[in-house]
Each structure stands twice: as structure tokens, then as C-alpha cells.
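Sending over a structure as C-alpha cells; questions will come in a sec.
Labels for the chains are A, B, C and D, by order of writing; each one numbers its residues from 1.
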Amino acid sequence: MTALPEISPPLINASGILSYPEVFRAFEASGAALGGYVTKSVGPAEKMGNENPVVVCPEVEGQPLLNSLALPTQSPEDWETDLAETRLENARLIVSIYGGDSAEFGEVAARMSPFADIIEVNLGCPNKVPGEVTLMESIGQRPDLSGEVIGRVRGATKKPVIAKLSPNSDYLAVAAACMDAGADGLGCGNTLGPGLAIDTGTGKAILAGVTGGISGPALKPVNLRMTYECYARFGCPIIGYGGIESWEDAVEYALAGACLLGIGTAFLGKSTSEAAGLTRRIWEGVQAYLGGAPFSELVGRAHREPAPESARA
Amino acid sequence: MTALPEISPPLINASGILSYPEVFRAFEASGAALGGYVTKSVGPAEKMGNENPVVVCPEVEGQPLLNSLALPTQSPEDWETDLAETRLENARLIVSIYGGDSAEFGEVAARMSPFADIIEVNLGCPNKVPGEVTLMESIGQRPDLSGEVIGRVRGATKKPVIAKLSPNSDYLAVAAACMDAGADGLGCGNTLGPGLAIDTGTGKAILAGVTGGISGPALKPVNLRMTYECYARFGCPIIGYGGIESWEDAVEYALAGACLLGIGTAFLGKSTSEAAGLTRRIWEGVQAYLGGAPFSELVGRAHREPAPESARA
Amino acid sequence: MRESVRVIRNLVESPWTNTLFFDREIACEPGQFMMVWLPRLGEKPFTLSYPNGITVKRAGAFTDALTALEPGDTLGLRGPLGRGYPPLERPALIGGGVGIAELRLLALRSESPTFILGGRTAEEILYFDEFQSLGPVKVATEDGSLGEKGLITDLLPVDAGSYAVCGPERMMVACRSVLPDDRTYYAIERYMKCAVGLCGQCTCSGLRVCVDGPIFQGAKLEHMPDFGRRRRSKSGRWEKI
Amino acid sequence: MRESVRVIRNLVESPWTNTLFFDREIACEPGQFMMVWLPRLGEKPFTLSYPNGITVKRAGAFTDALTALEPGDTLGLRGPLGRGYPPLERPALIGGGVGIAELRLLALRSESPTFILGGRTAEEILYFDEFQSLGPVKVATEDGSLGEKGLITDLLPVDAGSYAVCGPERMMVACRSVLPDDRTYYAIERYMKCAVGLCGQCTCSGLRVCVDGPIFQGAKLEHMPDFGRRRRSKSGRWEKI
């Protein structure tokens, strides 16, 4: 396993959120406490994704968000131009990739590798355009296909490779195949479900894609369990994603085993300066909890020893 | 398929919530708008379930509830005494059952049948006592085992049989096997996950069972999708469960295809009179939405025509 | 609300009973309760006897561990839960054994309380001095080591505007036979799991003690034949009281 | 907030533009927008021109369907979204084409507004009479059918306390060259998907128009080289403006 580069603070955005390099630069300029940024998932060819509506937003804080963007992407060539044009000032860049089969994953990985500090392989997006025939759904469900994909990506880049798992799968089996195939760590994980929402006014499903992946607080317990179980089983670097909104959430994921913490849905409705403020509050809260100890002492601590003394200061 | 008896209002509690016949009587006496009551799942022998804590409650409304009760039950003999002693005044009684294998399911079904208007077969509780070896988890995951269980139950009772599915499964395949084996309808569905919660103060997993099934608003989009897909595929009677807290939620499930609506987590923290009031508000809201039309006109309507005229009155 | 607190003091009240003080006060109505969590040992219901303390009688493994905690130890609290007492006028607070603990906060927030306390021995009569500074105190002990020798019911009836009774269920049943149902409140204990009204475990004649109680007016008990008679054990099986 | 409303009136404003009135008013700051949903057809951003209405120019399939709605039809609304205008003193409201619609609510809530309106023909000059009752109105049309013949920029500069500019991006760029950056606000349009700041689709030089805008102070545009230059299409690919 290649170690991940140091990412400090150990907070990043989640893929598909913020998405573009110029947005990352705007966050850096606003003083966001994000040590790394993840691109939206780069696919093998330009794709429009689903028609609007692509999100069902929580009406009350805490409720699930549904999204069915279904992986819109510009072409890898256009991504190359984009990433060459806008470089990050200090933070690391993680490029998320997807494909329709392992060859496509390999190609995209090879193209993106020069720009990336880490390649994150999106194995399990539950969304697709209705009628679309795609292997994406099944790849993340099947250990054999996932292993094949990671094997190809491993062959295409020397950068650390993270396999981002789907909670809607036998993820320990999938993770085992990915680790065997050379992954350097795991992303725990993508959105849940998918779920459905019906509008009572019109009596119709809201999302153009009918169903959408669930994110936000509703997802947290599931991906936290995934983090916990993957850490216990593989002891590898893990990026925790799902419902991280506060320092307490961040600490929970770290205690469960995540060494990097991804924020997505928590940015909902927030301007750049508000979002940057949120990241700082989360990081300050984590630091207060640490009471001066290095962040690494938290990682996986729930499996070993009680909370640090400072935890109840 | 045996038709379900009429249950009016088409609202019931969810299994494992309220649980006991004397509690159902107290709800009836308080004027709850529940046309039927479901017992907690009756198992083949007395069982203690997990130690406390068995729940992690939402800190903010809308957040997930985790529970890991893990199916405590008195013996079927004691249930017989209980159900013989306390009869409902007007409402129907649904007896939920579980077992470790199909033979046990059959035995419990045979014993409970005389008391039940409907037998609900719990195929997918994600909770167990740590270390416990149980087939329960895998039954709900496997179409073959689920079919076998429903076959046995079918042989043991003439009452309508509902197969209650797990969202953590290939539920359309499981449902198909259950319908083939003689189920009269589907329960959509049990809790999700399971999920994990860690206490930052102590740094430890909160639940004694470590992980727990997710219920409440967080579950709604998933079980609503299950309801929608099962209705489209089987057109059979469906009980919708998961995050029903308001008339809008109830209408969503009905539009998706549920002819009965189960309420569980929404009773959290509510006294008997508050809970009864909630059921009345939900039912009044549904009736206002119906604008005089029978409830049956709503069932599965999202698959056919737009909302009724009264919907936006 | 969940939170974790630290023990700042463990006060021995009697050979069987300790009061644990926390580093934080909990906003709570008298009569409400907290679920107290010790990781890996369990989570059980206790009433606050101080805004930042509980008084615990050893009754088994959990209370053994709880009363053995030392300053600096952490425990989890969930609550406040349940419905407490309505405002009581000129109440007689009638407590037996560790039930006395559950009356302390009520006493502090009541005007002109009277105290009727009972126990096996003097050591079970908690807060005796403190209560004397608040109002008249009558005591009965089974061994006569404090107050009258006998049972708490021997001290009844007394004249008061209202009555709050907390103690073993059989004691409460005995008290109820001589107290007016419309002005008397009883604190019922049942085995609790969820403590938020979901699981039904804590049923007393169909009312869920964790949300409909734990404080019940005597008039309500009229319709609760299980009071003093039976309760559901951890599995749901009935056990006699 | 999601809600569904019914159309109560469809008012033809011009051959290309209709105002749809709903049965309900939406609480909204001038400059904020709504995502308007027609089941199976899409969900797109529109600014309220009335507390209970939007003024829509036909630009494609969605706006064709929207402007064809009849009283009684239902549509979904999500919002209000984004950040609107700060309080403006003695503003000149400078609108081109359907951008004029987006200034109506601002006009009603401003003191002593002046209007500078432009369009291809007289039919594009929305609310002409109404605006005249609120303050001085200057108009430029390309065909000279109303006001001066020419472009809106021909009417600039004008003296005012502040400026709000809403119209085609090239027009706004042209206006910006003669207006003071610290007192002028521009309404930027980008392709919107989530409209709540998540997907990044609506980026203009890294600011997400749906949450950082859609209203931007001229001074901010100083650091937004993409303004007037390029935007991301539905797939994320850059397209020229």
C-alpha cells in the first residue's frame, strides 16, 4: 500500500459537491479548512446526466437529501484542460473517476493521474438516467468486477488509489477484492438507497430520474458502520463520507477509523464564506476535542481505548 | 391471494412499537385512529434480546433512530395467554412472527393464527445479540429461504399472510419468492442498515448490540421506493412502514401503492393521548386530501394518474 | 438529549446507597428521570436527586458498578424523560427506601412540604437533616432505629393539600388505601428499554410508564389493575409484584 | 421549501412573454429565485416578478410548456433560493429584455427608482406603464418602436445612488464599463441543477451563482473573469458567452 500524502486539515469535500477546480480555488481563497478537494467523478466521455429535478432537499434539517444527478461529466480532454488551467494553492487534489467497464476506468485514471494527488474510484453511484444500460450499478455490487476495475486503475497510475464503496452492497467482500487488487485505501462511502420521494401536490415522483441516492444525516449511521467495519477488517486509510455536519460527526468517523473526512450535503444552501466558516468550525471542534494531541490518535480509537482526556473538557 | 380484512382507518402501528395487547387497548380507549394493531414479533421461545442501550434517539427531529432490541419475546404460550386475555374492542389484530428456521416460523404461525386477523412474517430484522448465531438475518436476504418460510406459514394458517421485507436485500427477488409461496401481501419494510453511532464523550459505540436498524424519516425514501417498486411489480396489498409522521407521508406511501400505513418511530416521546392525537391528525389530513373520495382511490395512484382535484384545495 | 458527564464526587449515604455528583446540572422537572449509561454495562433509569446528582441503591450488577464510580469517571445521560409531578400544594411527600431520593428535588421546589419517610433502618432514611430544615418530618423504621417502629402506613393518614408517594410498589398500594385518589401522585417503576414510548416494555395496564408516567395520579390507577399486581420482565413475560 | 401552486391566470405580456399568476404568494427578497417544476418536463430557475407570479420568456421546450399553462394547472415551486439585493438607495434599475421582469419586485420595494429599459422592440419593454407611475423611465429599442432607437448602453451613464442591472450577460458587461463597481449590482444567470450550492454546476469563476448570487456587486465581478466570457453547460463543458 502506498501511503496517502499528508492532507491537513484532514477535511475534504465529497465528490460531486463543489465539483470544479475553480470552485475549489474560491474555497481556498475564502479560508476554508479543507486540506484537499475532490473533483466530481470524471467519466470516459461527455455525459449530460439526468434532467432536473436532480435533488429533493430536506424540508427540515436532519432529513435525507436525495440526488439523481447521474454523473454528468465533461470529456476527459476537457477535464485535462480544466485541471491544467486551475491549480490549487496549497490543498491536495483528489480526482474521482468512473467508467462503464474496467478498461474505461483504466483510461480515465491514466489521463487524470498527472493532475491528481490521489485517485478515488467511484464504484457505487446508485443513480442512472432512466433506461440507461450501465455496468456502474453492478460494479459496486460485485467483488469480482470491483477487483478488476481497481486492478486496471492500479496499472494506470502510481498515485494512491482509493476505492469508494457503495453502502448498498456486501461492501466488506467488495473492499476485500479491491484491497487485493491494489487499492491503497477505502472511501466509506457513496450514497444510500436509492430512495424515492413523491410530491403530494401533483401526485408524481419528484426526481426526473425517479429515485435518487440518499445523503446527509440519514446516511451517517450506515457509512459510519461501514467505516468501523472496514477499519477493523483492513486497518487501511479510510475516507469517511456521509452526514458530516459538525465536529462531533467528524470525531465519530475518526473514532470509527476514518483518517480523512469528507463533507458534502452539509454545504447545502451555504455561500462560499458560510461553507468555509463551517469547515473551520468543524476543524476547531475536532482540535479542541484533541486537546493538543495529533489527529492520528483519534483514528480508529473506538476499537482500542476510551476517548482522550480532553474529550470532556 | 386472500384479500386482507377491511382495516379502517387504514393506519396501524408498526411491529415492535407499542407491542402488547394492553397497550393497544389503551390506544383504542384514547381514541387513536388506528384500524389495526400489530404485536411485537412473536418468536418460538422466550428471548431477552439485547442489553440496554437498545436505542439511539435523534437529537434533532428528522434524524435517524437506531434500535437494536433484537427481538425480545415471551414464549408463544405466554403470548397465547396474553392475546386471549386482552381482546381489542374494534380494531383488527395483526400478529407479527419470527423464527430461526421455516419450521419455527410455521409453529409460531399455527399457534398465533386463532388470535390474528392477519399474520405478518418478519423476514428481515437487521438486529441480533452479538455472537448470536441466527438464520434471521440471512432469511430476509435469500429468496429461497424466504419462500420456504412463507410456504410453511401458508400451510399453518388460513389467515392472510404478509411477508415483511428488509430494505437491505434484493427485495424484489425475495418478494417474488414470497408471493409464489402464497403470501397475500407485502410489508415494505423493516429497518435499514444497520447503522452505528459512537459517543464522542466516551469514545465508544453506544448500542450494546453495537449496530442497530435505522427507522424514522431517514428510512422513508428507501421504503417508499420499495413500496413503489413492489406495487408496480406485484400489484398486491402492501403495508407501508418507515418514517410516516404526517398526513403527507401517509399520502406519499398510498400514492406509491400502500393500502395500509404503519406508524412506528413517530410515536417517540409521545404519551398515549399525544400519540392518539397524532394518528387522528394524520387520518384527518389524508381525508382532507381525499376530498370525500374513498381511500382506495389513492392507492398506487402515482403509477396511474395525477393527484385528485382536492389535493390542492 | 444525550450527553456525557463526569463524576465529581461519590457520597456514601448508607451501606447500600451512594449519591453521585456530576460536573454539570441537568434541567429537569421533579419526577422526570434519566437513562444512565455505563458503556458495556447497560443503561438504566434513575431520577435526579440533585440537579447534578443521582442517589443510587445497590440492587445488582449495574448499580454495583455505578456506586463504585470515582471522581473523573465518565457516564452517559439520556433525558430528561417522562412526565413529572403537576404543581403540588402543601404536599405530604411520602417516601420509602431509595424512593425518598426521588422526592428530594420535588421537596426543594414545593411550598410547605411535610415528610413521611419509611425504611428498614435509620440508614435508609435519606436526607433526614436536610428535610427537617424544610418542613415537619415523620419517620417509621422497621427496626425502630429512627422515628416510630413500624411501617410507613402506620404514619398515615396525615392532613395535607396533596400527596406524592414514592417507594416499593406494595408500599404504594398500601398507602393508596388511605389516601385521596384525586390529590395523590404515585411514581411507578417498570423495566425500561427504549424509555421513549416505543417498545411498550414498560407497560402498566397499557400505559407506557416512560411517557405516560412515571408519575400517575391515584385516580388514573383506578383503571390500572396491573399496578401492584404484575409487570413485564425483560423478555415481556409477566412477573408478579 | 417545496410547495405546489395552481395557476390562476396566464397573462400575455408580448408574443414571447407571459406572466403566470399562482393561487399563493411566496415570501421572497427581490433578486432571489425559485426553481419551477413541471412534472416530466423539468425544473428551471425563475425570478418572481409578482409575489404570486413569474414572467417567462419562451426560450425552449420548458418555457414553451410553462407559458402554455392554463388556470387550474399545477406547478411545483422550490425556494426562495440565493441571495438577493442589498437595500439600494435611489437606484437606477437597468433591465434588458426579460431581465426587466426580474427588476419589478425590486422596483416596488425601492424608494425613488429610475428605470432604464432596453429591448429589441417595444413589445419587449415590460411593465412600461406601471414603471412610469413609480419613477422616470428611459427606453431604448433596437428598432426604435419605443423610446430612443439604439442600445440600452446609449442611455448610460445616468446619475443615481445605486444601480441594478439585469439582462443578457453581454449587455451587463457593456453597462459595467460605464457604471461604478461599488454601487452596481448584476444578476448573473448560469445553468442550474441543484440550486442549493451542492453540485457546482452554476459556477462563475468558482462562485456558485445559486448560493453566492445570483446578485453580485460589480466589485466582486472584478475577480470573476468568467463573467461575460464563459459558463458551464449541462455536462460541465465550458461554453462561450
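Everything below uses one rule, namely that a contact is a pair of C-beta atoms (placed from the backbone, for glycine too) under 8 Å apart; a residue touches a chain by one contact, two chains touch by 3 or more.
Please read all numbers here as calculations on a predicted model, not as lab measurements.
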_Give me the set of chains touching chain B intersected with the set touching chain D._
A
*Centroid-based (C-alpha) most distant chain relative to chain A*: C
*Calculate how many whole Å lie between the centre of chain A and the centre of chain B, each centre taken as the average of the chain's C-alpha atoms.*
33
*When the centre of a chain is set as the mean of its C-alpha atoms, what distance in Å lies between chain C and chain D?*
65
*Length of the line joining the C-alpha centres of chain A and chain C, rounded to whole Å*: 49
_Separation of chain A from chain D, taking each centre as the mean of its C-alpha atoms, in whole Å_ = 35
_Can you list every residue of chain A that touches 2 or more other chains, as numbers and ranges?_
56, 200-202, 204, 306-307, 312
_Using the touch definition from the top, which residues of chain D touch two or more other chains?_
4, 74
*For the chain A and chain B complex, residues of the former touching the latter*: 56, 58, 60-64, 66, 192-198, 200-205, 211-212, 214, 217-222, 224-225, 228, 248, 251-252, 255-256, 289, 301-302, 305-308, 311-312
*Once bound in the complex, which stretches of chain D touch chain A?*
1-4, 35, 37, 39-40, 42-44, 74, 76, 78, 83, 192-201, 203, 205-208, 211-212, 226, 232, 234-238
*Which part of chain A faces chain D closely enough to touch in the complex?*
16-20, 22-27, 29, 40, 46-49, 51-57, 59, 67, 69, 72-75, 78, 82, 199-202, 204, 206, 208, 264-265, 267-272, 275
